Amino acid sequence: MFLTLITFLPIIGAILLAFFPKENEGAIKQTALAVAAADFLLSLLLWTNFDNSTHKMQYGLNIPWIESWGINYHIGLDGISLLLYVMTTFLTMLCIIASWEVKKHIREYMMAMLALSTGMLGVFISLDLFMFYVFWEFQLVPMYIIVGVWGGPRRIYAAVKFFIYTAVGSLLMLVAIIWIYFHIKQTTGVATADILFITEHISAPLDTQKWLWLAFFLAFAIKVPMFPFHTWLPDAHVEAPTAGSVILAGVLLKMGTYGFLRFNLPFFPQASYDFMPFIAWLSIIGIVYGALVSMVQEDLKKLVAYSSVSHLGFVMLGIFALNEYGIQGALIQNINHGISTGALFLLVGVIYDRRHTRLIKEFGGLSKQMPIYAVCFMIVALSSIGLPGMNGFVGEFLILLGIFQVNGLWAACATSGVILAACYILWMFQRVMFLELKNPKNMKLKDMNMRELITIVPLLILIFWIGLYPKPFMKTFDASVNNLVSKVSPDNFRPKQDHNAGEHHASLITKTELAKLNAQLKTSHN
Amino acid sequence: MFEGSVPIAHYLTLSAVLFVIGIVGVLVRRNVIVVFMSIEIMLNAVNISLIAFDHYLNLSNGQIFSFMVMCVAAAEVSVGLAIIIALHRNKPTVNLDEFNLLKW
Amino acid sequence: MLLKLTCLVPLFPLIGSIINGFFGLRIGKNAVGIIAAGSMALSFLTSILVFIGFLLLPEGQHIFEQVVWSWFGAGDFSVDFGFQVDPLTLVMMFVVTGVGFIIHVYAIGYMHEEYSFYRFFAYFNLFASAMLLLIMGNNFLLMFIGWEGVGCCSYFLIGYYFEKKSACDAGTKAFIVNRVGDFAFLLAVMYIFNIFGTIDFSEVMHAAPEKLVYAGEAVTIITMLLFVGATGKSAQIPLYTWLPDAMEGPTPVSALIHAATMVTAGVYMIVRCNALFNLAPMTMLAVAGIGAATAIMAATIGMTQFDIKRVLAYSTVSQIGYMMLACGVGAYTAAIFHLVTHAFFKACLFLGSGSVIHGIHGEQDMRKMGGLKNYMPVTYWTFLVSTLAIAGIPPLSGFFSKDEVLYHALMDGNIIFWGMGISAALLTAFYMFRLVFMTFHGESRVDPNVHPHESPKVMTMPLVILAGLATAGGILGIPLFHGWHILHNWLEPVLHFDLANALHHSEHILHEAGRHAPSWAHLLDPKEHNIWLEMFLMVFSACVAITGIAAAYIFYIKRPDLPEKFTKGQWGFELVQNKYGVDELYDETFVKPTVEASNLLWKECDAKAIDGSVIGTAKIIGWLSKQAQAFQSGFVRNYALFIAVGFISLLLIMF
Amino acid sequence: MKPILAPESIDLIALAPVLVLSVFAMGVLVLDLWAGKNKTLVMFVSLVGLLMTAISAFAKNPIPAFAFTDSYIVDHLSLFFTCIFTLSSGMAILLSEDYNEREGIKVGEYYALILLCTVGMIVLASSTDMIMIFLGIEIVSICLYVLAGFKRDDPVSNEAALKYFLLGAFATGFLLYGMTLVYGSTGSTNLFKIADFVKTEGAQSNPLLLMGIVLLVIGLGFKVAAVPFHMWAPDVYQGSPTPVTAFMSVGPKAAAFAAFFRVFTEAIPEMAPSWEILLCVIAVLSMFVGNLGAIMQTNIKRMLAFSSISHAGYLLIAVIAKSSLAGSALLFYLLAYSFTTFGAFGIVILLGRKGQENLEIENYSGLAYKHPILALSMTVFLLSLGGLPPFAGFVAKFYIFSAAMEEGFVTLVIIAVLNSAISFYYYLKVVVFMYMKEPTGEFQISLTPMTLFVVIIGIIGTIELGIFPDSIIALTSIP
Amino acid sequence: MELLIFYPIAGLCVALALGVIFNNSPVGSAMCLIGMMLGLAAIFVLLQAHFIAVLQIIIYAGAIMVLFMFVIMLLNLKQANSADWVTRDKNLFISILTGALALGIVYKIVDITFMANLDSPAILPDTFGTVATVGEALFTDFVLPFEVASLLLLAAMIGAVVLAKPKLD
């Protein structure tokens, strides 16, 4: 019930705002902020009361919704969704602060923001396929409006592209959902779309599994976005208003990775295992490709957008390592990307508000004019290239560790992304912040004001917190991930002897192999 | 050789031929009235097969049916001609191709 | 218990940097300087306390670990935020904190004119604490924090004059080149975890002989990767190119980061991992080879440069080459010994050069110097002492360390390494004295309207101290009597390695895995320490050094015209002078292609191919919709026609 | 000669809705003579008539009940359809009130025709004899011919009427021919008898029957505006008075689908293998042509016409699936569709004013900031038409797709799904204009009560069916 | 005997039908149509559907055609303008297509018709097709359609009035 309240609080707020007079902008903004902040604080309660020891769904609520189809209003949080949930409320709050200066149709803007928030929260809590789909599609609309109304010059193109592109994927997922619904109905005789139940009972033959897997994959891969499906992202990011980009990068993309963890892996473990190399290579291409392309961007936001492609490649790689290291790394990297990239977008927004351009060549030498800004930017930049001691490193290392367990080559290719990340971020930083302050337009730029600092500082704190002491975050999903891994671990599928040994541990004994030797010895004794 | 009755297929063929002639009429003529007549031809053609089937099956549904068809035809004619008159009021022509405001 | 203070050692500079970073602008320069230097002093004193505490440890315990908190982990992987103190760490701690403190003091004087004084010291302290983290971390990842941390700080400090393009480029270059090394390091760590299930130094080193096969694939790959990491940090072939450019930074930075401490991190890491390297003869060969090659190549370049700091930079590269050579032949003690002495005299040299530059208002070209010894005596004398030390003139520190390296190169390595080493020594002596002569002797070529002057006390005192250390540093390892060798005995617990046991294990493992083990018997036959040979070598290398000096004297004092004559139009010289064109080579082979490829990817692949296909689909749909519209001709006749066509086609489908 | 005995199968209770409504229709005609200029009274009477019809539909139970020698049936399908018809006619009348006021259509016959049309629909939905079906269709069509041309002074309206009439009559010919052939090859006009005959005699391969089916497909396909028999729809929808357009795109379509469903699932389910393919082709074509055609449109009525073509495609999927679940899906879809469509057309009407109908999509620019509520509801309707959750359209689509999926028409469902992705484009286009463009002209919108009322009903229905569809689903589900 | 009567009449009907659609003047077409309908009546007689035959003459040839003529006169359509023919202007393609189409359809239908094995005609009683028989069916089994037809006509009537009235009050 509490969870329901938190989830729907924002949209209630939005409806409330509808009755505010247009002119009374102050009140509108304050109310919106109040709602968002309240939501965030309440969601913090969820975190503090969360029981880390179990993978079971918590704060669950399961009441019939469409009885004749056996569809329920079934919600709950587990380790995988908790942090994303909290991050959503958190970023929503920050975004509302960040868009304090929005002039045009402020009321509609805030309403859209809050509605969007509910949509995203709903995605993370729903434990019923039908309900999940409802939220999954619903949140497109406010985002579409935000991009399309308050965006840049090509906003309409970007918005429509975003909407249609995402919709195409999701609709195929819908087909898969219906298929599963009937499959379950036939096999178990229960008409239900309950995710947990399905996870328990789904037993499709492998080839069907693969088709279904692909259907889900398309939906999520477009959302993530994975390599060949990423082209909507730069447009959307570039055109979206600052807050829009932050939400887009911070939460919407995570919904894709979340989907992989919630559906593809548990529903179709065998298929996931079979598709592992395919995903791995796509992710690796994404990592390198994203990095290379962002290196030559002239528009700051575009650069960040492509860097997201690269980062999300890491996340996907981690998920499809199919072991604790990888998946935990992926989850924490989700959060990290939300924080770092979100912060980057906020910072880009700061200079965009002042100069109304994002072209790198327009800037240079800013750190002389706005030192605080430069410092914040530096910290965020370093965290996004994964400097150890900052958040980025924790995730990336775990992910690479995880994928290394599977295949050293993949790990090596992926790690090269680390170098390229340094290249594009530092080069960009140099061109924007360093060198002489030539452009007269930049001569009298103001440094960050209080409001902007308020939006950035919490993120900076998080950057170091997660970088140096991520335990409080990581322990939330420990149990859930272990449970997940126990389901999807490749050992369940691959022929029993560990063929890693054959390939690249040639002349050494891995832990597993030692264990096996001991086991043999024991058996020989008895 | 002139003994025996006409095989039903021939009646059907006749009706088919007339039906198609009706179609062609609709397709090739631009005069509303004539197009309309062609449609009447089609209905009549159908009547033939209805009766023929009745004759073949010794039933009376077909005749009822064709009776209804005639009602319908009458109704349609009245309405249709009314429409044509209404049209003519605004635009004194019966050339179908000149009614071309609505397209694309 | 004193050892509990360990965690404070890196903490003090960190606090100092935070204070300076946030409030530096308000509290004024003096306060900033005091805080910065003070924090270093504090951590130096703390290290002394830790040292005492370490000495008080019960007999046989040679390592102390202090876990501050558990950093992160997943599944059975977990890594602590913990420090470890052992003899090696202590040595490095003293070098870093001690030399670091001195250089901080010097910097107060040197940077005094700077506006963003506080920024400099914030970075500087931050660097110190990162460096301490690097050497004190008790596992690979913590070391990696320091490892990247120092890289990052050096990036800031090289780019300290961020309005100079060259400075920014140099900084970025340094960072990225280092990243290449880090990339290998990271892979090595993962591989290590894959095998050992832990990344704790002590555990890994302890388990190495049981888990790894001597000369096996795994250990070779791991050590190779680690070594690549080391080449990145320690500016060895092929990743050395960033170090000379790094001289864009302020001189104290060059002294502390690019001479005394950071660049030696690679050597430290290899010594730290000696247990792994001992198992990988091939890697060792590579280490030694690269080291020797770097030593010679850098020395040759050093002979041809005219920028005083660049000369020193190349000499640094070449000296680190020595250390690598030592590591490569298994003479870890020698490596560390040379590291320490090098820290002393190279720091002194850099600071001296800084003092010179400061004295003649920022001129760095030696051709515009000369005859300065009268203007700045202190600088001159200290500089001379350090030069003698690096040239290897007994009884200065450099002599002993370098000599030990060469001895081991001959004994444990082979004659080629020794040959390379000794020739490098010759070149060193030559170009260092070339430097001295061009700078301090001969007639002044200084720009007349510049009036050279000696630097203030705060800058000269450190010079004196360092010169003293450079002189006396040799005591650490004078091999007078067999086995009497302070450093050697001190480091024994860290470097102890039982080869026989390791080989035994390897055979066992291979047997288990059903493979056949090669015979390693010959590796075990003992080598005796030949005191007389060592004596002979000492004398020989001393002569070599003197020869070098003499050559330099002839070239730059007696017959200043000779260099011209020899170098004029020599393509060889040209080649060497522009550093064998390695920078250009890298530019052509890596940088440019990458950028072009990226542009291609973006403009062609992304915009045209991938996004093109998306937009193309949309276009196709639009076109189709135009067609669909075209049917709506508005003629009843056509509509009827469609019905008829539909009729016939349905009939065709049906039948 | 012996006297003719009235058969005992005459059952006026079963026929109640038809009787009530026809009585009211005539009543309205008579009333119109006295009512004079102000037609409000007439309107109310006809609304009452519709209400009573809806009630009287439930008079007969238990259902299913047969009457008139099995040529008339009262079952779940016909009952629910009757409700949909009355609802849609009611909304149409409400819409017409203000519209007619504005456009100066002050004729009582208008209402009488709508009522008669509704009678036709009811007959169509509940008759199980081809003759009845034919008559039903004809009643509906003739009323619509007239209604389409009701703006007599407007050449566009006339043209719409003419086109509709000529093509309708043309298609009637096909339908008739088809029925004839079916009758000839099965020896009966009664759907159940036909079914029996087909089952027992195994006439699956009888060529005459097959051709009859083809012709039936054409005739009915024309009524539901399925490709390639759809060409009339855009023109007629655009030309007719807007309320009539709304009415046409819901009631008669629904009725035609009722007939479609009855004929194909009750008379010739045995022949499914042979007609499935035909319907699949038509359905796919309808979806594609409908959506593609809509993309380029600038006139909103025309756009909605094309979209209704594509919806016909979706609905055909239900006919193809032909399970009882499909029937329920059909009902639900049509209900949702009627709410949504009437809401949308209501707003279209609200935006127009005398002499300037504002039917171009450009006219919607910036509506969101002048009349946010209107814009929002329009958005809701359009998204619901596109099938976006949480609105009625989504649940309806989900329902139909499920039905098809259960019968194993996966490919068909995938095509449908992709089509709704295309459809988002043009639905969003309107949203783009409303929200993302600056206003071009001034809006002079008089929020007339009746129309507003319809819009509100539409909104309520759309959201209710979208978020809490359970009750309705329970109603629609055929036992 | 039947044959002798059937084929000429059938031929005549077809000819007249063609006459309807290929006749330049509407009046001519109407005349042909009347003729055709009479021919059909004859064919109905051949089929012993006397009642329908009569209706055919009364309703079609009588009422409906009169209506047609009436309208033609009302709108006094003269010789159709030359644009009346599709075949006489650019849309040649369409017309050819239509011709091909027509022949195709005819062929197809006839083909199908002969495919069906319709060779066991029932033995007809004398009462077949008499007013009595048809009437009885009409008022027993088909009473509902009969009634509904009245509604149809009502609707048509209203419609005709509404549309054709010179001016609506």
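List of remarks:
Labels A, B, C, D and E are assigned to the chains in the order they are written; within every chain, residues are numbered from 1.
The rule we apply is simple: a residue touches a chain if its C-beta (ideal position, glycine included) is under 8 Å from a C-beta of that chain, and two chains touch if they have at least 3 such contacts.
All values reported here derive from a predicted model rather than from experimental measurement.
Touch-path distance (fewest steps) from subunit A to subunit E is 2. Separation of subunit A from subunit D in touch steps, taking the shortest path, is 1. The most centrally placed chain, judged by C-alpha centroids, is A. By C-beta contact pairs, the most connected chain pair is B-E.
The centroid of the Cα atoms in subunit A and the matching centroid in subunit B are 66 Å apart. Rounded to a whole number, the gap between the C-alpha centres of subunit A and subunit C is 37 angstrom. Inter-chain spacing, taken between the CA centroids of subunit B and subunit D, is 26 Å.
As a whole-number value, the distance joining the C-alpha centres of subunit C and subunit D reads 80 Å.
Across the assembly, subunit E contributes residues 86, 94, 98, 101, 105, 109, 112-113, 116, 142, 145, 149, 152, 155-156, 159, 161-163 that each touch 2 or more other chains.
Residues of subunit B in contact with two or more other chains: 19, 22-23, 26-28, 30, 35-36, 52, 56-57, 61, 64, 68, 72, 75-76, 79, 82-84, 86, 89, 96-97, 99-103.
The multi-chain contact residues of subunit C, meaning those touching 2 or more other chains, are 629, 632, 634, 636-638, 640-641, 644-645, 647, 651, 655. According to the touch criterion at the top of this document, the contacting chain pairs are A-C, A-D, B-C, B-D, B-E, C-D, C-E, D-E. Interface residues of subunit C, counted against subunit D in their complex, comprise 621-622, 624-629, 631-632, 634, 636, 638-640, 642-643, 645-647, 650-651, 653-655. Those residues of subunit C that touch subunit E in the complex are listed here as 637-638, 641, 644-645, 647-648, 651, 655. Of all residues in subunit D, those touching subunit E in their complex are 1, 4-7, 10, 15, 18, 22, 25-26, 29, 68-69, 71-72, 106-107, 109, 112-113, 116-117, 119-120, 123, 127, 129, 131-132, 135-136, 138-139, 142-143, 145-146, 149-150, 152, 161, 185, 206-208, 210-211.
Those residues of subunit E lying in contact with subunit B across their complex are 1-4, 6, 10, 13-14, 17-18, 20-21, 23, 26, 29-30, 33, 36-37, 40, 43-44, 46-49, 51-52, 55-56, 59-60, 63-64, 67-68, 71-72, 74-75, 77, 80-81, 83-87, 94-95, 98-99, 101-102, 105-106, 109-110, 113-114, 116, 118-119, 121-125, 128-129, 133-134, 137-138, 142, 145, 149, 152-153, 155-157, 159-164, 166.
Listing the residues of subunit D that touch subunit B in their complex gives 130-131, 134-135, 138, 142, 145-146, 149, 152-153, 155-156, 158-163, 165-166, 169-170, 172-173, 176-177, 179-181, 183-184, 187-189, 234-235, 238-239.
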